[in-house]
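Provided herewith is a single structure, encoded as structure tokens, for subsequent inquiry.
Read from first to last, the chains carry the letters A, B and C; within each, the first residue is number 1.
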Amino acid sequence: MKRHLLPLFLLPLLLASCGRFGNKEAGTDHAERIVCIAKQYNEIIYALHAEQDLVAVDLSSTYPPAIKTLPTVGYHRALSAEGILSMKPTLIIHDNNVGPEAVMRQLTDLKIPMKVFDAKGEDLTGTQALISEMGAYFHREKQADSLNHKLEADMNKAIEARPKTLRATKVVIIHYGRASDVYLTLTKNSFGAKLIEWAGGEVPVGGDRGMMQLSAELIGHSDPDVILLTDFGYDRLGSPEQIKTLPGVAGTKAAKNGKIYRVEEHDMVYMGPRTGEIVMKLQQLIHQ
Amino acid sequence: MQRPWLTDRIVLSTLVILLLVVWVLSLRFGAIAISGSDILLSIRQHILQEESDLTGRIFFDIRFPRALECLVVGASLAMSGVLMQALFRNPIVEPGLIGTSSGAAFGASIYFVLGATLHFPPGEWGLPVAACTGGTVATLLVFVLSRNRQSGKSSVISLLLTGIAINALFLSGVGFSSYIARDPQARSITFWNLGTLSGASWSSVTVISITTILCALAALRHTRQLNALMMGEEEARLLGVDIRRLQWTVMGINVLLVAVATAFVGVISFVGLIVPHLLRMTRGSDNRFLLISSALLGAIVVTLADLVARLVLAPAELPIGVVLSLVGVPVFIVLLRRTQTYF
Amino acid sequence: MLVASNLTVRVGQKELLKDVSVQFEAGQLNLVIGPNGAGKSTLIKALSGQVKPAAGSIRMHDRPLTEWSLGELARHRAVLSQNIDLAFPLTVQEVVMMGRYPHFQNKPGEKDHLAVQESMHYFDVSELSGRNYLTLSGGEKQRVHFARVAAQLWYQDGDVPRHLLLDEPLTFLDVYHQFQFMHHIRELMGKGNWVVVGVVHDLNLAARFGDNLVLLHNGAVLAQGQPREVLTAHNVSQAYHLTPTVHYHEGVLQLVF
């Protein structure tokens, strides 16, 4: 009996050994111990070179690559108090998109210091404000200024370079692959759509939320010139050839002209110091 | 060849010892290992009302109530499994079948969606109250709709069928809510449906403990009648059992047990199904024995599952539902295949 | 005494019992006979209160059956139904203990344990005590249920006689156990005030053990009284469409078909 059962008990361990879970912390001394549960903040912290006090992040923080050496405290809406506390944080930084509520209450009750930055980094000025605020917080004002300058310059350059055609290129961004021919796509209201706009394109998907489940018919009907897939969906589907055959996708101009590309999720969902560069990259991608 | 059955005493004392061991482990380990002396120190400081350090506070405010919540949630879900199986005379019935957990899930999903769009301040009790209300409404609905219009009675079959239908209805309600929800809320609904004890607090433990203990006492008064029911409703009536009253009482107890536990920890399935069944294999189905031993084994299973959920991905955490199915289902199937069953 | 007056039982349009009036005295072994579909089981179900008559009334111990509460009935009347099975595994002893459920609140008392023990011994199932009921053979199960209903009525409660209704109790038994059972029932009746009504199929067995026979045919009483009055060639051929030769030898009536 034991022989039969042993593998079953080992299963969770196997799970633990894959992916980003279970990373052991490198034995460095920290003045502060910061757990930061917000992907946008994390990218800015690295850009400010303020990451030395960062001890853990959430699962969705994947940029820059160096961040993957840090332990993760799980998905930002399924946190556990003990897990966070085991990192012995002296500060928790988050952007209010955290949960479950009960856990946040536990942390508040234990009087763990928490920080939410005031600036909402949703557009250029907001992001610059956020970078400045974070720069001030981490005493990296100079670094923040230069990031802001670069961001603004890049953005100007990108918008300058936007092709002045009559018709904007139609781009559909598929966020996850598909489940029974339903695609999770970014809408006009998403940050991704803004990027495409700056890059001289247009997202033909309406909706008041940032993402929407779209049927194959609607994808086909919108007939995009370019289809972008974020990393997870693209990798799961494999190659552009594979993707071209999908229902809805198959008949589009994008499929006919072979304009199906892979983009990184963390480039497309929030604004950060690299956004200007990303817009320029997107320009090249969708107009080539 | 049939294996001889174990005696009550052997089964129960084994369970008690196991429970103690598992429980101490769950107090001791987690994302943070807290040593035995720290545990004692923390408890002493609390009794003497002294100021304690962070580890002490983590133990007393997070670990301790969570370990206790595992016990009462496990006990209450397992007991409700026993009650439902006895009432429906069917070993595959589980507590969710008469709509309670799907109703609770629907209540919770409404809370997540409305809480996000209407921006009303719900406070600490918003989610449990929404879930508990959903669970109760769904169960009442099942009960009312399954009543025969002529006789005013609910037959077991019509209860089960109505339960399945109402379950489907409320689960599609959950699906709809997560569809119209913004992504973060949709994720919250998903995680809630997998259950977690990470939100345990002293207030939630108190509420669950009180209902669990009261329900257990009430249920223990009906174990003989439920035994008689094994021969069928007619035979039970011949032994003096008022079937309709028994149905209402046991349903009421079950709703309380499941709705309250689910309200605080989310949907934890499988415990109510597997635990009574495992015990049937050791000692038969006397409901008095089953109720007591299931409470113990339910507590053990949930405590153990929660411990695993806390440890494997530390400092992150798995939903307990995932652990229970991942480990529980294969174990259950192996046992089922190895043991002579009688159904 | 158990009395049914002008009893009519209907299911849908079909009349299962038509205007049946019968009387079952204490101290006698009352046996109900008749061909398949004659209404024997329906009569037992009506007498036990399991089916409600469309017309007529039943009085138990001179009180309308409808006035007895479920609990009261269970303390004074036991019913052995056909085809009982258990939904879950249970020890034999626990099944027999079910007979005592009407008599205690939470925990069985000394008296209850004693009744279980004695009735199990009486019906020869003591050695099955710890076995799983679901693994027993048909005959063993039947004997366990004898013990259960006997345990239910092991002690007389007040001055009400014990009422025992048996619906085809001999079904799964071999000839030896059939005779054994009938002897046991007679022996039990000798020890107290009992009203016993049983349904049997075997006419010779009925003739041998019954004090009072009721012959049912198409839901009506064809004849009732002592075996010699009821089991005439005429009555039997009318009910069963088979004419027997009736032998009467040394006080024992025997039918040969």
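Here, a residue touches a chain if its C-beta (ideal position, glycine included) is under 8 Å from a C-beta of that chain, and two chains touch if they have at least 3 such contacts.
Computed from a predicted structure; not experimentally measured.
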By mean C-alpha coordinates, which chain is most distant from chain C?
-> A
Quick one: most central chain, C-alpha centroids?
-> B
Distance from chain B to chain A - Cα centre to Cα centre, in angstrom = 37
Distance between the CA centroids of chain A and chain C (whole Å) is 78
Just curious, how far off is chain C from chain B if you go by their C-alpha centres, in Å?
-> 44
Mind listing the chain A positions that touch chain B in their complex?
-> 1, 4-5, 8-9, 11-13, 15-16, 21-22, 56, 59, 71-75, 77-88, 97, 99-103, 105-106, 109-110, 209-211, 213
List of chain B residues in touch with chain A within their complex | 30-32, 54, 57-58, 61-63, 124, 127, 179, 182-184, 187-188, 191-192, 196, 198-201, 204, 308, 310, 312-319, 323, 326-327, 330-331, 334, 338
Residues of chain B touching chain C in their complex?
-> 2, 4-5, 85-86, 89-91, 220-221, 224-225, 227-228, 230-232, 234-235, 237-242, 280, 284-286, 342
In their complex, what parts of chain C are in touch with chain B?
-> 48, 50, 70-71, 73-75, 78-79, 81, 84-91, 94, 98-99, 101-102, 106, 130, 132, 134-135, 152
